[in-house]
Amino acid sequence: MEDKKTPLLDELEKGDWPSFVTEIKKAAATKKNAKDLLNQLEKSYGENLGHWKHGGIVGVKGYGGGVVGRYSDSPEEFPDVAEFHTVRVNQVAGFFYTADKLRQLADVWDKYGSGLYNMHGSTGDIILLGTTTENLQPCVDELADIGFDLGGSGGAMRTLSSCVGKARCEKACIDATDIIRDLTLHYQNEIHRPAFGYKFKIKVAGCANDCCASTARSDLAIVGTWRDTLRIDNKAIREEYVEKGFNIVDRVIVKCPSKCLSWDAEKGVLNIIPEDCVRCMHCINEMPKALRVGTEEGATLMVGGKVAIVKGAMIGWVLVPFMKMEAPYTEFKDLLDKIIDWWAEHGKNRERISELIERMGLVTFLKAVDLKPLPQMVREPRSNPYIYWSPEEVENNG
Amino acid sequence: MEDKKTPLLDELEKGDWPSFVTEIKKAAATKKNAKDLLNQLEKSYGENLGHWKHGGIVGVKGYGGGVVGRYSDSPEEFPDVAEFHTVRVNQVAGFFYTADKLRQLADVWDKYGSGLYNMHGSTGDIILLGTTTENLQPCVDELADIGFDLGGSGGAMRTLSSCVGKARCEKACIDATDIIRDLTLHYQNEIHRPAFGYKFKIKVAGCANDCCASTARSDLAIVGTWRDTLRIDNKAIREEYVEKGFNIVDRVIVKCPSKCLSWDAEKGVLNIIPEDCVRCMHCINEMPKALRVGTEEGATLMVGGKVAIVKGAMIGWVLVPFMKMEAPYTEFKDLLDKIIDWWAEHGKNRERISELIERMGLVTFLKAVDLKPLPQMVREPRSNPYIYWSPEEVENNG
Amino acid sequence: MSFIAVEGKQVELDEDGFLVEPSDWNEAIVSIFAKSEDVEELTEEHWKVINYLREYFKKFGMAPMVRKMCKDTGLTLKQIYELFPTGPAKGACKLAGLPKPTGCV
Amino acid sequence: MSFIAVEGKQVELDEDGFLVEPSDWNEAIVSIFAKSEDVEELTEEHWKVINYLREYFKKFGMAPMVRKMCKDTGLTLKQIYELFPTGPAKGACKLAGLPKPTGCV
Amino acid sequence: MAKTDFGPPDFRELIPPVIKENYGKWKYHEVPQQGVLRHVSESGAVLHSVRMASPRLVSGDFIREISDIAEKYCDGYLRFTTRNNVEFLVSDANNVDPLLDELDDKGYLVGGIGNVISNIVHTQGWIHCKSAVTDASGITKSIMDDVKDYFTGKIALPARCRIAVACCINMCGACHCSDIAVVGIHRTPPRIDDELASKICEIPNTVASCPTGAIKPNPRTKSVTVNQEKCMMCANCTVVCPAMKIMNPAKDGVSIWVGGKVSNARTAPMFSKLAIPFLPNNAPRWPEVTDAVKHLIEVWAVNAKKGERMGEWIGRIGWERFFTLTDLPFTNQHIDDFTTAKTTFRSTTQFKF
Amino acid sequence: MAKTDFGPPDFRELIPPVIKENYGKWKYHEVPQQGVLRHVSESGAVLHSVRMASPRLVSGDFIREISDIAEKYCDGYLRFTTRNNVEFLVSDANNVDPLLDELDDKGYLVGGIGNVISNIVHTQGWIHCKSAVTDASGITKSIMDDVKDYFTGKIALPARCRIAVACCINMCGACHCSDIAVVGIHRTPPRIDDELASKICEIPNTVASCPTGAIKPNPRTKSVTVNQEKCMMCANCTVVCPAMKIMNPAKDGVSIWVGGKVSNARTAPMFSKLAIPFLPNNAPRWPEVTDAVKHLIEVWAVNAKKGERMGEWIGRIGWERFFTLTDLPFTNQHIDDFTTAKTTFRSTTQFKF
């Protein structure tokens, strides 16, 4: 292997932000495939053209997914990335690691792969970047030895991820990390053996700040919320904020979307109309030392988040305004099973659940999963007069 | 003709609001068809069912529309409304009449019709309610003698209507009544001889209060506006409003949609950020004695307003943010001709212009009528990545 | 509903004077309809329009839009009204024996 | 790309080991593929799945969705994996000579 | 050939001198009392307009009576408003009170200005339209009898409330942007007379008329078929094809929609949204409908802030609160399923319980 | 058979004792300095988290180095954030400053908390994805070099600004809800290898993959055809059918989108909207793209009120003003023409000149 020059990529070693090129070079010092990755990438930079072939269907025994196959379209030129498959390894909930655990992982990957990682992939997996077909099975076997299992790919339930949740966040209304751990274990088969028409993603955010972008990126988002009133410590408001020059009116009162807050400057008291609060988190975000989420905790379930393909991007829609989330999450799992069942049954190839709901109608979906229509589900009721009446409804109404 | 009882309709003579039943009865005193109208209506009230047949294609010489044909489905039972066509008579701009003019009208209609009127129909016409096929031509001829012409029906430009405008409103930025009079005369052929695939409505509102619901109800709405700054008389604000207890902050400042107003209580001065004002009219509406529209007057053109059939209701879309409207309105007519031409050329049967724009794309339409894309035309730019690039655009951009 | 006698046969018309049974149409009926629709004399031009309408309907199952009809026959709207004073829908379509146009009113 | 010898003929495979030329498929190839896909012995059940896939593809121009395949063959997903340890897409479809599934990954 | 294409009478010849002289020069107006507008010109000239309720459907007697009144107090000048009220255009301020007295004597209602319920915009109904599910005039009369104190200003409201009534979803009254809209609806699909259709139906037009694509040609019968599960009972096909019938007196009914507006004041114009999918079509006085309308007005009037129209109020409190406060059930029918349905789904965790 | 279906390691075994003990009991946090979070528990216990930038694509050396650092200051405990930063979980407050010093010495950047530009969420690009129009890592590095002072907090911003980069419109980085999104795009339609397609294309799937219905089966060639006028160059068909190719190095490019957000704080989540339809794909440093991003940030930073994110700012000033202030052209491409396009048209006379 001659040492090819990479003048274009070298440009990306300049500047203060940590450089992925430098990282690849570090790996390339010992790894031929990392070196050829660099070479092929340099070529792409010169031509404005990627050099990976379409397709790549490789895997390990017993699993239908978890590996994304890749072949170079110029294997003669870059023989060491002729096969360069990535392994999607299910991350630890909350992305928590210890030095030991990481080193174990690095040891395995040094042995079988390129020594390059995405920490983490956009869905949440640890992405082990590049190995050969031959190395896949032993690599996965040794990962199993250190306790790491594969994540999802293909028409499967995808690797679940969450925000840090109750582990380190005072705002968490649900135990996000426990929920994804529990669901991940419960749905191993659905994750590892693709049997759906397309991907199905679940993400869990401890509160409506949605630090894992759950409603934008998951077919089913579980977002923490509360049913009672947020907790107000007026003393702390005064001492930690107002008296220190914090402009509570400009920064909080006028920005409350439901206009349910008012500041009694004389008494130094924050008033709230509890039933009007839409639990947007803003006031709590601004005064974390004085305001806290309520105590009657649970989750709002949002269905249908995804990006543009095929029918356009969607942000998840309210499906269940409030559900208690207590281990073992039976109520949730029952509902999820119904949802997936309906989708798997009626969905076409490569049709996400929101697209199916759009095609068949929200009402049809609600009936299938035994949920009642609620005004919380819509931004507004219909404005067009194209109302469908089932014969039974006509009978019942008059 | 025996005198049938109308117990159900009689119920509608009770109460303080003026009764249409009473009106019909007044006409029925001398008119057999008004009497049979009442009888047939009584039957409808009893059965929850109308008794007019489908269709009715009658008319007068030289005109393709202006009359809505109607036949009773029970001509034996109600012989005097066996034929009961309505005549759509083009109203006077601004709905202005004199006693004399009205009496002339009543004289003709007493002679040939039921003696019943809708003052006015929803499009704006005087609706003469019910006559026979035979009477149509002489009726229309005599209407012509007193200066009344037919309005539109069918696939035609419909009778134009407007708010009262500069004739009686201080807010009018354009001469609404003159505009519809001018256009009505200019487009007589398009109004009287249906040659389009469907109706085309034009309404003119003197300002954004839109007292004739133009953007909701017309394919092309002309709405008065201004380009400079609204006029503020601070003395009047103080004396006519603030000093009389008017809460300017609650009623005006916080309700300004663009938040471009502030009230300097100390100086008694209303400040405006002129370029932020979206000319919504609210502040002017609240303090008519102190605020006035600007002086650089013109109109915003909105295209596509209509109700639900077939593709759902639309509220007109901004097509031209600002156009001077000075007689003889040549710039406007040139544009309108292009619009109608494109629509008549590409529109399907019963396809309104907004539906055609929806089907072919706003950009296609803009190109056809020689208008440039402007951010004012949209609430927001596209959020989906499905961008069409014409080969020329690709050449030009890179 | 009413009936007219056409070449000895009773032909049914609807209240607007349109044929109830499309297959009743024939040239004799055209002459009768011409009178009621203020067409003084049936010229070649009239027949051009009538034949065009019949063919269009046969082919597409519906009447052409007025603009299309003008384009296809080469006649202006004004000429159409000169030929058929009661207009394309009430006049021309009736003479052509088409179903009564039900477009918007 | 690579080639394998099947009954004396060179058959071309793509990098994933799928047939490049669908018409090359025959029963001998199934046996060869079986080995690379960890299928120890081709049973009647295997053939049931293979034949089902081929017929489905012929009829609809695409592979069935996994759930449909389970329903139609009466096999559970678990059983499919027992028959084809590398799974329906990589295993069963390959043996059936279908184009490489390109669904989502 | 008769005279054609001359257009309507010129309004310039039908306006009072004070308008002619001050045309385009009006400076401001005030409302000295409900039902009376006082417009003041830059020149100092003053015009009083007195607004009187009209049933819209009027007789020649009515036309002559208002003409007489106009002659008596306004030199014969009067106009109609875009909501079908009558306005007497009084040039001589001294005539205002006598005019008001006479109107009062005769039992005419005066009002309709500002934060009130003005006349209902409505449609033809059984009086003249073949498509009518219900009678718009009858419902209008029944509602206005009930709410007339809001017209005359006897009871105050937070803002104007514009009501419209349409006898079918063609909505000739343009209900789609009204504070409260009452719309006749069908709830059963159309029935087809195949025999008639084969003679009379312009099949491509009928197929194209269906918003949901429920209609397909049926070459066998030379007619069409309707897919019952896709049919939303809009009746559009029945407008196009006389062989399709949808009237069903036992099942048809009335729906109520709220929160629309037309003006650009404060907010953009808004569509009305479904509040009550079905009420019985109970002529001659539609008690269920009038009660519902009154109820909606009252809940709004009590809860809205000053200046908030129905839609603005709902915009502030949210639809979930609207359904709670009005105690109306939220049903399958409220959930949109037409072409842009997904844009109506709630894509935020912000809501009220 | 290998061990399967056992799932990931249990996080409970990988969290520091202070988290174990105070799990679910955190009371509040503060940010003593940029890059450092100080969480305080109801019990009074304190945890410091130090956030460090990561390129996401890292080597084994990096993994080992951060492990070493974690061992030195955090008993080996660390985590990654949902935006791929590294967080050292420091139980002993005394270790915070030494840790910061060591990171500084080693040239690592610390920051990313609060009203800053945190790490860019990005995708695989030419490094691993067959669909990549551009290289996400390269663009990310180029942008972050330019804006790093916003990451470290050296320059203040009105609010957080979340940037995402995706190498194609599949948007694996979920750009669709970002304050600023950079997305690789095609501008020419796919080319079909009919011969290959006839062998390999699952035609019904390919036809169904087209958002605009531009693809039709071609029975003659046993392949498909693309209607060029309907094709929006989305490349979805090329994902489904290997016989369709769309890469066009000379014409492909980069688009920029703005104003999206994910959190429900204050406003509902928002989609990003098109700001710049096309910039050249100019590796290795994409100067046109970095300039545009910087420009957008600067215009926003100068004009937004405190606390206003990109989309909230634009919401207040309006898109017409956005285009004026940023001096960006508004083009045909900005006007939506997909399925719900009409809901994006402006239905009010309220706008700014």
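Remarks
Each chain carries a letter (A, B, C, D, E and F) given by its place in the written order, and its residues are counted from 1.
As a convention for this text, contacts are C-beta pairs under 8 Å (C-beta built on N, C-alpha and C of every residue); 3 or more make two chains touch, one makes a residue touch a chain.
Please read all numbers here as calculations on a predicted model, not as lab measurements.
Steps from chain B to chain D, minimised over paths through touching chains, total 2.
Fewest steps needed to get from chain C to chain D, stepping only to touching chains, is 3. At the interface between chain A and chain B, over half of the residue numbers involved are used by both copies, so each side presents largely the same positions.
Averaged C-alpha coordinates put the centre of chain A at 33 Å from the centre of chain D.
Each chain gets one centre point, the mean of its Cα atoms, and the points for chain C and chain E are 38 Å apart.
Chain C has its Cα centroid 66 Å from the Cα centroid of chain A.
Chain A and chain B have Cα centroids separated by 50 Å. Within chain D, the positions touching two or more other chains are listed as 62, 100-103.
Multi-chain contact residues, meaning those touching two or more other chains, occur in chain A at positions 53-56, 61-63, 68, 189, 208, 215, 223, 257, 280, 308, 312-313, 315, 349-350, 383-386. With touch defined as above, residues shared between interfaces to two or more other chains in chain F number as follows: 169, 171, 176, 205, 211, 234, 240, 242, 264, 267-269, 271, 338-340, 342-343, 347-350. Annotation, chain-chain contacts: A-B, A-D, A-E, A-F, B-C, B-E, B-F, C-E, D-F, E-F (touch as defined at the top). Of all residues in chain A, only 308, 312-313, 383-386 touch chain B in the complex they form. The touching residues of chain B, counted against chain E in their complex, run 8-9, 11-12, 14-24, 26-27, 34, 37, 41, 44-56, 60-63, 68, 70, 84, 86, 89-103, 105-106, 109-110, 115-120, 122, 129-130, 137, 140-141, 144, 147-149, 161, 163-164, 166-170, 172, 175, 177, 181, 184-185, 188-189, 192, 208-213, 215-217, 223, 250-251, 255, 257, 280-282, 285, 288-289, 292, 307-313, 315, 348-350.
Residue ranges on chain B touching chain F, taken from their complex, read 208, 210, 215, 223, 225, 227, 257-259, 275-280, 300, 302, 304, 314-318, 321-322, 354, 358, 361-363, 366, 373-389, 393-394, 397-398. On chain F, the positions that touch chain D within their shared complex are 199-205, 239-242. Interface residues of chain D facing chain F in the complex, by the touch rule stated above, are 20-22, 60-63, 99-103.
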